[in-house]
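Below, each structure is written out as structure tokens.
After this come two complexes, each holding subunit A, first together with subunit B and then together with subunit C.
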Partner chain A sequence: MKKLSARRRHPLAALVVLLFALATTGGLYAAFAPAGNAQADSSQSLQIEQGKKLFAVGCSSCHALSGEGTKDGPTLVGVGSASVDFQVGTGRMPAQQPGAQIPAKKVIYTQDEINELAAYVASLGAGPSIPTSDQYAAGDVAKGGELFRTNCAQCHNFAGSGGALSEGKYAPSLDGVSAKHLYEAMLTGPQNMPSFPNSTLSTQNKQDIIAYVQHTTDPAKNPSFGGLTLGALGPVTEGLFGWIFALGALIGIAIWIAARTPKAKKS
Partner chain B sequence: MTSQDNMSEEHLPEAHGAHGGELAVHGDAFADPGLPPHEHRRTDIDEHAAARAERQVAMWFLLSMVATIGFIASYVLFKPGPELKNTVYIFPLGHISKLNFSLGMTLGISLFAIGAGAVHWARTLMSDEEHIAERHPIEASPEVREQVFADFRQGAKESGFGRRKLIRNTMIGAMAMVPLSAVVLFRDLGPLPEKKLDSTEWAKGKRLVNMNTNEPMKASDITVGSLTFAKPEGVEESDEDFQEVIAKAAVMLVRMQPADIKDQTSAEWGYEGVLCYSKICTHVGCPISLYEQQTHHVLCPCHQSTFDLSDGGRVIFGPAGHPLPQLQISVNGDGYLEALGDFSKPVGPGFWERS
Partner chain C sequence: MTTHAEPTAVGDHDDHQVGHSEAGVDQAHLGEKAADWVDGRLGIYGLAKANLRKIFPDHWSFMLGEICLYSFIIIILTGVYLTLFFTPSMGEVVYHGSYTPLNGIRMSEAYKSTLDISFDVRGGLLIRQIHHWAAIVFVAAMLVHMMRVFFTGAFRKPREINWLFGFLLLFLGMFDGFMGYSLPDDLLSGTGIRFMEGAILSMPIVGTYIAMFLYGGQFPGNDIIPRFYTIHVLLIPGIMLGLLVAHLILVFYHKHTQFAGPGRTEKNVIGMPLMPVYMAKAGGFFFLVFGVIAMVSAIASVNPIWAYGPYRPDQVSTDAQPDWYMGFSEGLIRIMPGWEIRAFGHTLVLGVFIPLMIFGLVMIVIAAYPFLEGWITGDKREHHILDRPRNAPMRTAFGVAWIAEYGILLVAGGNDLFATHFNLSINTITWACRILFFVGPVIAFTITKRWCIGLQRRDRDKVLHGRETGTIKRLPHGEFIEVHEQLSPEALHTITAHEQFQPMELPAEVDENGVKRKVSLLTKTRARLSQSYFGEAAQIPKPTPEEHAEITSGHGHH
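== the complex of A and B ==
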């Protein structure tokens, strides 16, 4: 004890105390914090109760304690559980930082936790609910292609590879997006994407679009007959490739044609 | 005649030296050194090297022949079609159609090999002796020029062009009239668009039909933040003139909170926040529907013109010269959305007679 008090004015003492305090707090938190889905109950009210706790920790700093929204985040009253399942299920929420666009990233909640959050947000006000698996079953690819070109291709590009919007926003690539998330995105219109409610784009229409997107982005079903797709982004990447590689090759050949022929004797 | 001959003697360095300066340059520093002695290539002096070069050129041409045969063989062997079995993985191209790849490669090689053989032939075996082609002044000699002028004067005098004014004037008149026939022919490229650019298929009482479902819509179908494409009632995709009609009549329907609409007229032209705008960009007429539901901006992918649908379709960025035309809509007795008339302004890009 005497040894300890003798060192209390050591320059590093404050640092040690701070680290100790942090470790203790963290440890206690890990021990007593709501243990995720450990006691997840299927009953609706318990799910909402769990979701409210998760919401208070992960979402309330921007969307306010009861989801009414702040200047950093919009109100979640009436967005429905489908919206939560899409935003949290693709890792877009919780957002890393505010900005023109919140990108998809690593998903940090389990599906059970997402369901709890969704149940809580759905309890704030009626909205589109998470679709069942038969709702987002794949439909007719050809019809889906027509619908995709009418409704989606203007932003997401003819091949579903996305594209630029105004002021730093962009439409993301649709490659690898699950059928459920595609359906939820069309239904709810996340971020700046407009929504396509069932009243104007029926469930059958959505299934056709899902079938088309999954077909066209799958190299096994829709192989690239021209080889290198260059991102299927159109004239920008193709032009860049042409300028660098095709013109580069032509310049190389021109240099070879005009190069000095080797002489028999060094001059 | 070179520039050296034009220079007066005292400006040359030698002249300075002769007048007693320290600078004394011996000989002509600017004299043309002429061509260096010609150096022979190995193929010029070594018969074995020449024979080898000949074989190399022949190899290129033979390669071209083989590639052409390969092209024909690929055409016969490989099947076209979208099946995966018709593709092959080739690094770094990825999966690629066997037919596309083999046809492209063989045709490319057969053409390139002819060119490469010709270049190799020219570089190794064709003569590379330097030849000097002296340049001459373009101007003709004074005697020739004088003769030409004299001939011209005599010709003009003998033709009586200056004296017989009737002939001169009628000839000028005839030549001036000839292009008029072209004017009549070009008139046939018309008819002029008349008033076709000013009007679209929309008219009072025409219901808005959903492009996806082909059904008329109620205002409640259009939710806040949604985007829907519509066509006028009675226009079917199977119609012969569908593309012509829809090129002007295509519209998009959006709905925003009435409080978000900044332009009062625009709000009145909609129905409870449902606004109907032309889908044709006013710059050069690209179809635009890159709608951002939070900002209410519509971006044109062609030249980045941006319109604010919450502010009467105002241009907020880019080269477009007119706001996006809005269609005045309401609901009819059965609750379906209908147009209250045609667009008040012509849709699409500007034109000369645009009001």
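== the complex of A and C ==
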């Protein structure tokens, strides 16, 4: 005890106490928090109520208790359920840390919980709602390709491989993104992406784009006809590959051939 | 090599008789007759006698030029095949072909025929990929070949003209490549052609006219693909073939350079004869080059035009970069701030025009260097013995600085991919490249120069004190020494064979009559450059035989 009191004015004491308090509350929370197996309920109001509870725990630290937003997170009034379904359903939300862009990661909520959160956020103000499965049914690949190259390729690249934006932001790869999430992304314009409401891209257009993306990123439907795609990133990776593997091999062979000759001797 | 081929004078033979040799003659006899027949018309015996035993020195780096030659041949062979199926036309068609994801899409005939080559022509995609990969290797090999020539000083008299031929081949190769990948009229190539239009338009006064003449009107027009086609398959390859032949003739005429070594002088070439050693080696190497390029083409996709889609001026994809050899121009554009001057109703787009000028500068420096160095040294003698890069620190440092600049610009040209793949901000990369554009070459120059001088010092050490053997000896009084072993006379010769120039001195300020001498600025510059090339700071005096004798006679007490 004497040791402890002797050090209580140490410059790092406050930090130690803070860390201790954080660890304790965190540990207690982990021990006593209810398991995330909330039962789905068809009742709208019950869903909203459940969603509110989940929101208070997982989202309110940045988006504030009733979703009006803080300096760390935008207001969610009027973003609609489609936005929640996309952000939480792709693991982007809840965010791990602030940054240029919140990356997709492991999804921590079940679809039922996501629906509850979405229902709660939708109740805050009207916005685009989660599309039904017939809305994001795949359309025409060729038409979608044309639309994709006009509207999407300048950031996401011709093959949906993704690309860089300013200041560390980026357009992510579209490989493996579900049709529903593609539709929602176009509808709501998450993070740095512009939104493409139905007045810009009709539902039919969106379906065509979904068809194109799903066709292009699926190796079963769209095998790489020429061999390794080298990331489908255009000539930069091709040049790198050519220098290292083609010219590298040829220089190696040149060295090998030159080494196969007995050294010339002065006669 | 036949040993019994008797020299015959032209016209000695009745060709009727030789042309219809009777059955039952043995092979050698037949071959001899055929050779005689040809000699009677082309004089091949004389040519063979003069050239078949021509000696070439042996070093792996002397084969880099061969990679260029062979990949060029591969490009021509595969290119001929592609012309059979390619339609150089910007006429619009609606696609209904094998590649269903583009069904019903409007595109140019050029793009459609490239799709057909890729999906319907037998072996078409492989040939296309061999053509493209070979082009990538061709230009890369030319650059590496030029580096070898540069760093060993092989461009010195009498080979300056051949250096220029090589430079032109590099320059033309770059542009022929650019035009080649512009032909399919896919989204990426169209973006490149648009880029070029922008660069042309940025030229004051003449820019708009050149663009209108070249494109036959407003971009994109209907002419650019057919015109590029003619230039790509006929004009530039024709010039390149001519330059290539001239390049090789000059290699024969000048004889190949060689590294210093025992018995090697400026007057001889020590190595192996063309026939049979280099015939076999070069022939075999051709097939190896073809094999490697074909293998790479079978393994890795290049320019997947079907994935890019047809070109439309209102569409663009990210990762819109040129092939690597044009990458430094992309880098110049990407790091250049978008400056503009508007005056008198005209706009001067410095943001594009300055990069265009630097693009020219980066290339011209290559062509000009031999003449610059020749002017500094004032050396009018012929050089057939190669320099070791360390013994020409300024030249080596200059070359490395150029490579550093080139590399920085390549990184700048791919800044978006560096951003996404290393989780960096593209703005940070761009700013780093802007700073490095000015600082990088200086750092590279300084490090290389010091490195070279360090190596020269090491050479001097090795000559005077021998090679470290790694054997530790304990002397009776307890001291440990490492045993040094004197170099062999051959090795001594090799590392001391280079000559060291004396830097040029400015004449005394006043002449013998006490009159102040007028020294032109040019002379002063030359003297200053000469000092930096050959002054005390640039070369470690190589040991004289006396020094060597003195120190080696000291029985190790040094």
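The definition used in the following text is that the second predicted complex is superposed on the first by the 220 of 267 C-alpha atoms of A that agree within 3 Å, B and C clash if a C-alpha of one lies under 4 Å from a C-alpha of the other, contacts with A are read in each partner's own complex, and residues count from 1 in each chain.
Here, a contact is a pair of C-beta atoms (placed from the backbone, for glycine too) under 8 Å apart; a residue touches a chain by one contact, two chains touch by 3 or more.
Remember, predicted model here, so these are calculated numbers, not experimental data.
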After the alignment on subunit A, I want to confirm one thing: do subunit B and subunit C clash, or do they fit together? clash
Report for A:Gly168: first if it touches subunit B alone, second if subunit C alone, otherwise both or neither. second
Taking the superposition as given, does A:Lys106 touch the first partner, subunit B, the second, subunit C, both, or neither? neither
Name the contact category of A:Glu238: first (subunit B only), second (subunit C only), both, or neither. second
Looking at A:Met193, would you say it contacts subunit B, subunit C, both, or neither? Reply first, second, both or neither. first
Tell me which of subunit B and subunit C touches more residues of subunit A. C
Would you sort A:Pro219 into first (subunit B), second (subunit C), both or neither based on which partner it touches? first
Given the touch rule stated above, what does A:Ala246 touch, subunit B (first), subunit C (second), both, or neither? second
Which partner chains sit in contact with A:Lys71 here, subunit B, subunit C, both or neither? Use first/second/both/neither. neither
After superposition on the shared chain, which partner residues are touched by A:Arg8: those of subunit B (first), subunit C (second), both, or neither? neither
Subunit A residues touched by both subunit B and subunit C? 150, 154-155, 163, 165-167, 171, 222, 224-229, 257, 261, 263-264
Quick check: in the complex, which residue numbers of subunit B touch subunit A? 36, 39-42, 44-46, 82, 84, 87, 90, 92-97, 100-101, 119, 123-124, 128, 210-213, 217, 220-223, 225-229, 254, 287-295, 297, 299, 301, 304, 306, 317
Residue positions on subunit C within touch of subunit A in the complex are 57-64, 66-67, 100-105, 118-119, 125, 129, 133, 136-137, 140-141, 144, 181, 187-188, 262-263, 270-272, 277, 281, 284-285, 288-289, 292-293, 296-304, 306-309, 312, 314-325, 327, 413-417, 419-420, 423-428
So in the complex, which bits of subunit A are touching subunit C? 100, 141-143, 145-146, 149-150, 153-159, 161-168, 170-171, 212, 215-216, 222, 224-230, 232-243, 245-247, 249-251, 253-255, 257-259, 261, 263-264, 266
For the subunit A and subunit B complex, residues of the former touching the latter: 147, 150-151, 154-155, 163, 165-167, 169, 171, 189, 191-197, 199-202, 205, 219-229, 256-257, 261-265, 267
